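See below for the structure under consideration.
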Amino acid sequence: MTSSKSLTHLDASGSANMVDVSAKDDTTREARAEGFVRMKPETLAMIRDGNAKKGDVLATARIAGIMAAKRTHELIPLCHPLVLSKVAVDIEIDETLPGLRVESYAKLSGKTGVEMEALTACSVACLTIYDMAKAADRGMTISGIRVLAKSGGKSGDWSVDPRETAE
Amino acid sequence: MTSSKSLTHLDASGSANMVDVSAKDDTTREARAEGFVRMKPETLAMIRDGNAKKGDVLATARIAGIMAAKRTHELIPLCHPLVLSKVAVDIEIDETLPGLRVESYAKLSGKTGVEMEALTACSVACLTIYDMAKAADRGMTISGIRVLAKSGGKSGDWSVDPRETAE
Amino acid sequence: MTSSKSLTHLDASGSANMVDVSAKDDTTREARAEGFVRMKPETLAMIRDGNAKKGDVLATARIAGIMAAKRTHELIPLCHPLVLSKVAVDIEIDETLPGLRVESYAKLSGKTGVEMEALTACSVACLTIYDMAKAADRGMTISGIRVLAKSGGKSGDWSVDPRETAE
Amino acid sequence: MTSSKSLTHLDASGSANMVDVSAKDDTTREARAEGFVRMKPETLAMIRDGNAKKGDVLATARIAGIMAAKRTHELIPLCHPLVLSKVAVDIEIDETLPGLRVESYAKLSGKTGVEMEALTACSVACLTIYDMAKAADRGMTISGIRVLAKSGGKSGDWSVDPRETAE
Amino acid sequence: MTSSKSLTHLDASGSANMVDVSAKDDTTREARAEGFVRMKPETLAMIRDGNAKKGDVLATARIAGIMAAKRTHELIPLCHPLVLSKVAVDIEIDETLPGLRVESYAKLSGKTGVEMEALTACSVACLTIYDMAKAADRGMTISGIRVLAKSGGKSGDWSVDPRETAE
Amino acid sequence: MTSSKSLTHLDASGSANMVDVSAKDDTTREARAEGFVRMKPETLAMIRDGNAKKGDVLATARIAGIMAAKRTHELIPLCHPLVLSKVAVDIEIDETLPGLRVESYAKLSGKTGVEMEALTACSVACLTIYDMAKAADRGMTISGIRVLAKSGGKSGDWSVDPRETAE
């Protein structure tokens, strides 16, 4: 098994530890992730049809996702603290789901990838949507949270196979 | 539309705001949630077969989930701060997924439900698993995050239809 | 000097310490505070005239204020951790200032007043407005942050003299 | 409207998002801010005359301000995390106000300005002073919080017109 | 082995989890802890003889300890969030050590003991003293951190044997 | 007294403030620290003999220490925020103490030393061990927390005299 395929956060003795990134280059690193909140059609209608309300539900979830990305290293035990240069979260209505699709983006000039920051932004935006609509629909499900693409760093660029859909 | 079906976190003007829970009773409230990390069979084997390693991957994810539940109100903008009396996270191997299934539990004697705390514990445990195995498998997907059951409070007990599976 | 007029956070030796609130009653306590961001007329016009934009600037500041209220005890060294039952922040345009007026509200069933939570919500909402408009107007000033009214607790109700205006 | 005059935290669709600073240069950036706590003369006397006490009130507020500056990006939704190289807070008695004047300073070698860090330090120091003296004087007002000067970065140096006073 | 003697934070399967405290009574619970920073005599003299300086070193360490106590549940994975009603930290010069002795106190009306809060206050106050004097004396040692006494709760009162000294 | 021997966190007026590190070089800096938890032989046996349990007690303490290192600047008032490139915590059984020995390691490419991060990791790992075993043994003592070695930066390398033992 090559080192690129091992569980990098476990050291030789099997203990969980942070990876030493000090020898890595400072390069521009980016990652995009997505996630979905599936809900009943009438819940989605409630979010879609209330104009002011919809604005505030989506704005609140977007802000929550951005703020959570900045705290990724506090939540995920072995993540490094990062000086993120950009985080963005977009949310769109997906009538066929039915529900909402969240897409997040993180960028850094530094030594470690930012997939975890993008995934954390996505997860917390989805949780916030759940929170704001849960009185109307307890059965909502958060799903399909995955990395869409990453670039930068020694391991190079990577993206999901476009034929694969998580939802 | 009855009030129990509206987006409770939006006030009359459509602004997002915290719900006033001061008139609610202090009752014992519980919630259970689940989530899944789907991965390649060889990634799961790597986690399952390394005894010491597996212990540490699962222990790290469990601890991360428990700690995150305590910070739910810092992450989800309109959640109330809570004095949780118990949080638990269990993780088990699911060979047919293939991947890991996370189940979380939160308990409180207080004025608000603890679904968001259970969901947050689940989400962050899943993110931590992703983080620890991502060098081996970038295509892992986090899915099926949902509330399984809740009890306590005015809205009474609720649980998912057992015939419905998220995964 | 009566004890109600002393600097309660200093003990007999003059050291700063938290006040012991364990003997206080659990009562409903509320506080309202206000604050202002004074800016150039053209900055206010930019916020007022961009419909989508205005929504997002004000929603972001409101969310930031609510989230900050929940973290008051982490920021203000001698504040007690509180189980807030409600926080609200409203922001309105004040053409005569010209600028924005922020009003915040905090509520608790507990042993300590919530003035600091209301003031912190107000301050952070004002700081967020400054942040979002600072590229257009560096000379904005945050002013008039004060408690408007408080109720509950042994010291009873209090409100500002309505003839006094901070701005 | 030139881009330097727009609300930079809103993207083309009007959504609030973090500005991408990855293309900015790493330069030394500094900012100074000030703020005031206006109080009754007898409240100021209480702070001024108790020697040990005064020391601790001012030391506590100064420490609170410094610690808050380091958490600016957790409080202000669209602020970037920064590796601050210096934060200072000074507090002096202003008999004519009457009250206290807080001045803060932040410094960084990095890609973004530090005005928000200086303003946050100032605001939290003022809130801490309010907290410690509020039992004696509920009517205190926090005012005149503004940036005094900034230097570094593409937008160059800036300072308030010395003829303008906030208080 | 009686249950009062087991490792209560491990469940039947050996996994670390929070103890369920929901069935415990709300009683007044208190704990006192102590700790020591041993240093060279000339380092202690530097702290003792600089009057203003000494005030600020000790005030800073005291504030840091109090603030840390409020965040114990964020630091110690299986600690419950608590609504502390009082935290105090006192620091005194111990010429015979030579060094400083820190004593902390925490109080709560609630369901769990506050030993961890007292110990965390002590530890962080000691770390802060180390930080402020480390340029003069890298060899300082933090030692003797222990609970002196606790009261309240089902397990009753407990205190160290007065004949035992940690230093 | 040379500047290298003064209390660097106090400015000329005796106020506690952060040291300006902007003129320091970005170099690789490392620090190692140790600490001990002394306990009754039967408490140590309980940790040592329960295989699954021991794994989880030590894994939990190690994770807590690593996470705390990343939050050092939030806990210690005058510490700078740092972009740590590596943190590790190891815990071993010491039958002669009897108890556990914690050793921590922190690494950074940056402008400030990482002794405080190593010491904080050590302290919080020790506190977590205390928390998990306290029901069995309230008299445990945390001791001997000290820096073992540091390297990097203008002040050069330093290590404890190997003949000196803290325990």
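To keep things simple, chains are lettered A, B, C, D, E and F as they appear, and every chain counts its residues starting from 1.
Everything below uses one rule, namely that a contact is a pair of C-beta atoms (placed from the backbone, for glycine too) under 8 Å apart; a residue touches a chain by one contact, two chains touch by 3 or more.
Everything numeric in this text was worked out from a predicted model, so none of it was measured.
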Output for shared partners of chain B and chain E reads C, F
Of C-E and C-D, the pair with more C-beta contacts is C-D
Greatest Cα-centre separation from chain D belongs to chain B
Cα rotation angle, chain B onto chain C, in degrees to the nearest 5, is 120
Expressed in whole Å, how far the mean CA point of chain D lies from that of chain F is 32
Separation of the C-alpha centres, chain C versus chain F, in whole Å, is 38
By the touch definition above, chain D meets two or more other chains at residues 15-16, 52, 55-56, 59-60, 63-64, 67, 71, 74, 77-78, 81-83
Inter-chain touches occur between A-B, A-C, A-D, A-F, B-C, B-E, B-F, C-D, C-E, D-E, D-F, E-F
Chain E contacts chain F in the complex at 1, 4-10, 13-16, 35, 46-47, 50-53, 55-57, 59-60, 63-64, 67-68, 71, 74-79, 115-116, 119-120, 123-124, 126-128, 130-136, 138-147, 150, 155, 158, 160, 164, 166
Chain F partner, complex, touching residues on chain B are 52, 55-56, 59-60, 63-64, 67
Per the touch rule, the chain A residues reaching chain F in their complex are 11, 15-22, 73-74, 77-78, 80-83, 110-111
Chain F contacts chain A in the complex at 28, 59, 62-63, 66-67, 70-71, 81-90, 107-109
